[in-house]
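What follows is a set of structures to go through.
First chain A sits with chain B, and in the next complex the same chain sits with chain C.
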Partner chain A sequence: MHKLALFLIALMFSGQLRADILVIVNAHNPVVTLEKKQVVDLFMGRVSAFPGGGAAQTLDLKTGTPLRADFYKRLTGKSEAQVDAYWATLVFAGRMSPPKQFADDREVIGEVTKNKMAIAYVARQSLPGGVKIVMELTQTAK
Partner chain B sequence: MNIKSLHIKVSLSVAAGALLVVLLSSQFFYQRDYEKSFAESERSVLQLLETVQTTASIAAYVGNRELAQQVVTGLTKNDIVIGATITASKEVIGQDGKTARETQQKLISIPLVAPFDEKEIVGELSVIPNAPLIALRARDSAMSTAVGLAAQSTLVALLVLILVYWLMTRPLSTLSGSLHRITPGDGSRLDVHSIHSGDEIGLLAGDINSLLHTVEDMLEEERQLRHRVESLETRFRGIFEDSSAGIFLVRERGNLVTANPAFFRLTGMNEQQFQTGDEDIVSKVFLDIEHAKSLIKLALVTKRPHSADLRIGSDTEEHSRWVHCIFSPAGDNATIEGVMYDVTQRKLSEARIRELAETDSLTGLSNRQAADSALQALITQTPIGGKSFAVMLIDLDRFKYINDTYGHDAGDKVLVTIAERLRKLVRDSDVVARMGGDEFFIILNHAGNIGMVTRIAQKILDAQQAPIEVQPGVLEKIGISIGIALYPDHGDNPLSLRKHADQAMYAVKRRGKNNFAIYEPGNEDPLMESA
Partner chain C sequence: MAVNSHFPLWSAVLLMVATSFSQADIDHRFSGFATVGVAINNNPDLVFRNDVTQDNGAYKNNGFWLNDTRLGLQWQGRWSSEWETTVQVVAKDRFDNTLANSIEWAFIRYRPIDGLDLRLGRLGADAFMLSDFRQVGYTLPWVRPPQDLYGITSLYNFDGFDLTKRFALGDAMLNLKTFYGNSNEKYPTGFDNGQFTKFDFDLFGISGTLEWNEWKLRYSYVEVEVNSDLTKPLRNIWAQIAMQWPPANDLVTGLETEGKQFRYHQIGLNYDSNNWWFQSEYVRINSDLMLVVNGEHAYASLGKRFGSLNLYGLLGYASPREPSLDIPVPVGLPEPFGSQLNYLAQATENRLNGARIKQRSYGVGARWDFTPKMALKVQIDKVYVDQTGSGLWFSTTGTIITGDKKPTVISLAWDMLF
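For the complex of A and B:
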């Protein structure tokens, strides 16, 4: 009984932590929606342009931020460490660099508002008019 | 060393078997090991690929040529890889070493999947394995396995060979050799090491030893038996050889089988000359051949001994001998055993006695009994109608006067003289006998007719004309009267012949004596007279 209660509480917290993640771009970006694969290819450095042909610049959160791990987990199925190792491999080979990192959602949103090439991820929240949502990573989309 | 010896045979068999095993197993294991080694090398290549798969996938995913080059360079550093290629979307993004086109070799490839989507294939990683090196290594490995196996098999075969030699063939050949040297009867036995007690070699040796023992016992028994037989034979041979009786074996037809020295001594034959042969020795030895042969036949037929006194040796009286000979059937139906011993002395004594019994002691002529039996024998031998003969009865005319006048000595002298004259006047085969007193009797064997008898009678009468000196200086003429009867005309038996001769003689006496007369049947008086 006691254990069951504890489990339900944990489930509640987790629901709160694992809120929907939104992939956002500059409001002027011609892209309306992106497929998950397209998002993966952009964030993992395979492509550096939006489907319409516009150059893309991925924005990332600082390593260790809970949302970052959650985002990569939901997007690629890999842990944060695995994604970092992936980037380390590519960086060691040269010519490739991981996405630029920001401290929190606010900074990210600010940058996206300013940068028309930017693409980033934030937790679900009310967003300013300068950005638009191109994809949602819902809780179920693991 | 004997090529057929057990040891060589076993050695060759084991060597051949081991060689076969080595060949077959080496072949098999070489093949298997080669394949295994080859497969292992391929697996090694695959493992190598798997090691770099993630990195290669990333390189292919992002199309990063630097990373791809790093991966293929790293791969070709392995000596089992001579070339590596990473392609992404049909485009080569990394290549090192030889290409597939250069080597004409089979590639080993793995697909490269996207790092974040396992369903998407983003490229391919291919390597060219160092096939000659792999093959060489596989060969080396397989060869060492095969060689090791061969060495092992050879070692085992050698070990088996040595053990078989020590435990089986050597003891067996030792056994065989010592058995070969043993002569049954010399008392030696097979000696086997104690490690073989209880095993087949020990059992074999034991059985052979007991067999030897049995054989020796039998030989010893045989030897004793032979010794007994020999001593018996010596004894019998002694009896046979030293016997004074002649012993001999002859066949039915008379040929000699064997005879002892006494036989040859008795018969006077040369022993060398009459070894066993086809010669009819019976005919040579015995003078009465028919008699001897009939005795042999009789003995064979009746299967009982038959004996008789037989004469042997030369035909002349002085060299012939008498033997008493016993013929007995000897075992089979065709052999006769003869035993003969010398009875010449006995025979001579008997003859002497018979002579004495048949002789008139005064004149040396036959006596009455001898004359009677001689006449009887002659009649028996002479059938009626056969040859004829004559008998004479003679009486002296003045014998009583001589006896009375001059004494008995004078009478005896007259008788002896007359006897001598009579003996001289007839043949030796004729019988002249003194019947008693002054009466003489003559059997003329061959006087067949009256003419011949008359001549002889006249000769006898004439001979009496010569006077006899009855005393010194006194001569007397003695006349005789002769009566004659002829067989078978005047009688067919002794009595009748004598009686008729007597009648004829008395007829002469009546008519004046000193004459002869022949009996005339049916007439008391003699038919013929002579002056």
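For the complex of A and C:
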């Protein structure tokens, strides 16, 4: 009985073990902070520019990367399969080209450091000077 | 105005594509989609077709692979944030299987500012809610877009332009679009017999899509003007008849196709809470041609996701808004004129009534996202096809379909993206 209770408690808290997610842009990007809805619009291909009007390029992790599923779930409530299906409607209708996909955080950060139009998400970590955080998706964020 | 068909826009776009490959600073993206599907229809008299462009399909439990199986490949070249080129090629079982027809899209997109898109070339005919991506099985919960409505959608693409403007309305987003262009398509007229009617048409449309939280509402209006004369021999005979039987003049006029229009009005509603979802559309056709029937088409689908499993139900409906054509041939005419007139009336009625669609359907199905970018689906549809409206189906024997039919269609599909 105690074991079961412990297991249930462990299950309840297991989600909180996952890291916070940071949404980052190039340090030279005039954007200081973004609201969740603005990040949703960018990553769901509804808009292709930052609120100030500058062209935006969303960077993505490869399908199947755990952080990717976590990011979209927290941002939109959608599963990775739903996000891929949604993006396929935009891509194959020829409305948007798909976000460029990278293998891991290191590659993503490298690209954001170089690309002034880039916006990406990474797990919480200490970041180099070439990028800045515009939003945080913490565990409590819905 | 017809867009010049001697040097089609899409071939101009392809030329640009060919030259663009030599330039270094273009960002190339390649992607694709595929479906492997099999449909099993238990009915021995009716051939199940996804839409009116197919001349073959499942019947008599033959387990047909080509209703849904297809492969799509797409290249997108991004020249800058303003300019992008897209080419999509789809390989599938087509009635008119030429390379030119396999080019689904080939266009240049110009985006001077975010929220304003102008596209020129071969474009998707965005007539209904799912039109733009209906061939991408992975985007749909069902095996295919509901046949009661999408079965009539003969327009896959056109050569012309479209213009889209986005407006932010508080939390909601409104997309307005207009398009204009020209297209042509061969519609098979019988089961695997090589015969067809070729339509050339200009189309113009507007659409508005409002997205607000979990909701999506869409309205569109499409006007199709037929450029082909499809009934000349038949009209000539009726014109002869009219000299002795004046009521035939109504038929001579009604059968005209060139320069005549038909119009679609579409309303669509989608709700998706990521848990429960609902999708429904209604289309009304208003036609000035006897060859295109005034009708109504609708479907509604409700589903719920359980993790990677998605279960749904589906209802479909299609009906003409006018009675079957019945030419009132007078009795007691001198022979052989009376017999000839009766024969001609029968042939004309068969041809025009054969295009009527009167059916309803009930379906259930499941989609399982078993691994990233792949889904397996199973769907069972029971269709009640009225004997006065079997236009979406072909007779397996080539003879007129008599009596109501109740085919059950079981479909399996494996969808993927890459």
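Keep in mind that, in the parts below, the second predicted complex is superposed on the first by the 125 of 142 C-alpha atoms of A that agree within 3 Å, B and C clash if a C-alpha of one lies under 4 Å from a C-alpha of the other, contacts with A are read in each partner's own complex, and residues count from 1 in each chain.
Definition applied: a residue touches a chain if its C-beta (ideal position, glycine included) is under 8 Å from a C-beta of that chain, and two chains touch if they have at least 3 such contacts.
Computed from a predicted structure; not experimentally measured.
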{"item": "Room on chain A for both chain B and chain C (clash or fit)", "value": "clash"}
{"item": "Partner chain(s) touched by A:Lys78 [first = chain B, second = chain C, both, neither]", "value": "both"}
{"item": "Partner touching more residues of chain A, whether chain B or chain C", "value": "C"}
{"item": "Partner chain in contact with A:Thr63 - chain B first, chain C second, else both or neither", "value": "second"}
{"item": "Partner chain(s) touched by A:Gly45 [first = chain B, second = chain C, both, neither]", "value": "first"}
{"item": "Chain B versus chain C as contact partner of A:Met117, first or second or both or neither", "value": "second"}
{"item": "First (chain B), second (chain C), both or neither touched by A:Lys37", "value": "both"}
{"item": "Partner chain(s) touched by A:Ala93 [first = chain B, second = chain C, both, neither]", "value": "both"}
{"item": "First, second, both or neither for A:Ala103, with chain B first and chain C second", "value": "neither"}
{"item": "First (chain B), second (chain C), both or neither touched by A:Gly53", "value": "second"}
{"item": "Shared chain A surface residues [contacts with chain B and with chain C]", "value": "37, 46, 76-78, 86, 89, 93-95"}
{"item": "Interfacial residue positions of chain C with respect to chain A in the complex", "value": "27, 29, 31, 33, 72, 74, 76, 78, 81, 84, 86, 88, 105, 107, 109, 111, 113-115, 117, 119, 123-124, 126, 132-133, 135-136, 138-139, 166, 171, 173, 211, 274, 305, 308, 369, 372-373, 375, 417"}
{"item": "For the chain A and chain C complex, residues of the former touching the latter", "value": "37, 41, 46-49, 53, 55, 57, 63-64, 76-82, 84-86, 88-89, 91-95, 97-98, 100, 117"}
{"item": "Residue numbers on chain B that touch chain A, as the complex places them", "value": "55, 58-59, 61-64, 66-67, 70, 115-117"}
{"item": "Footprint of chain B on chain A - complex, ascending", "value": "37, 40, 44-46, 75-78, 86, 89-90, 93-96"}
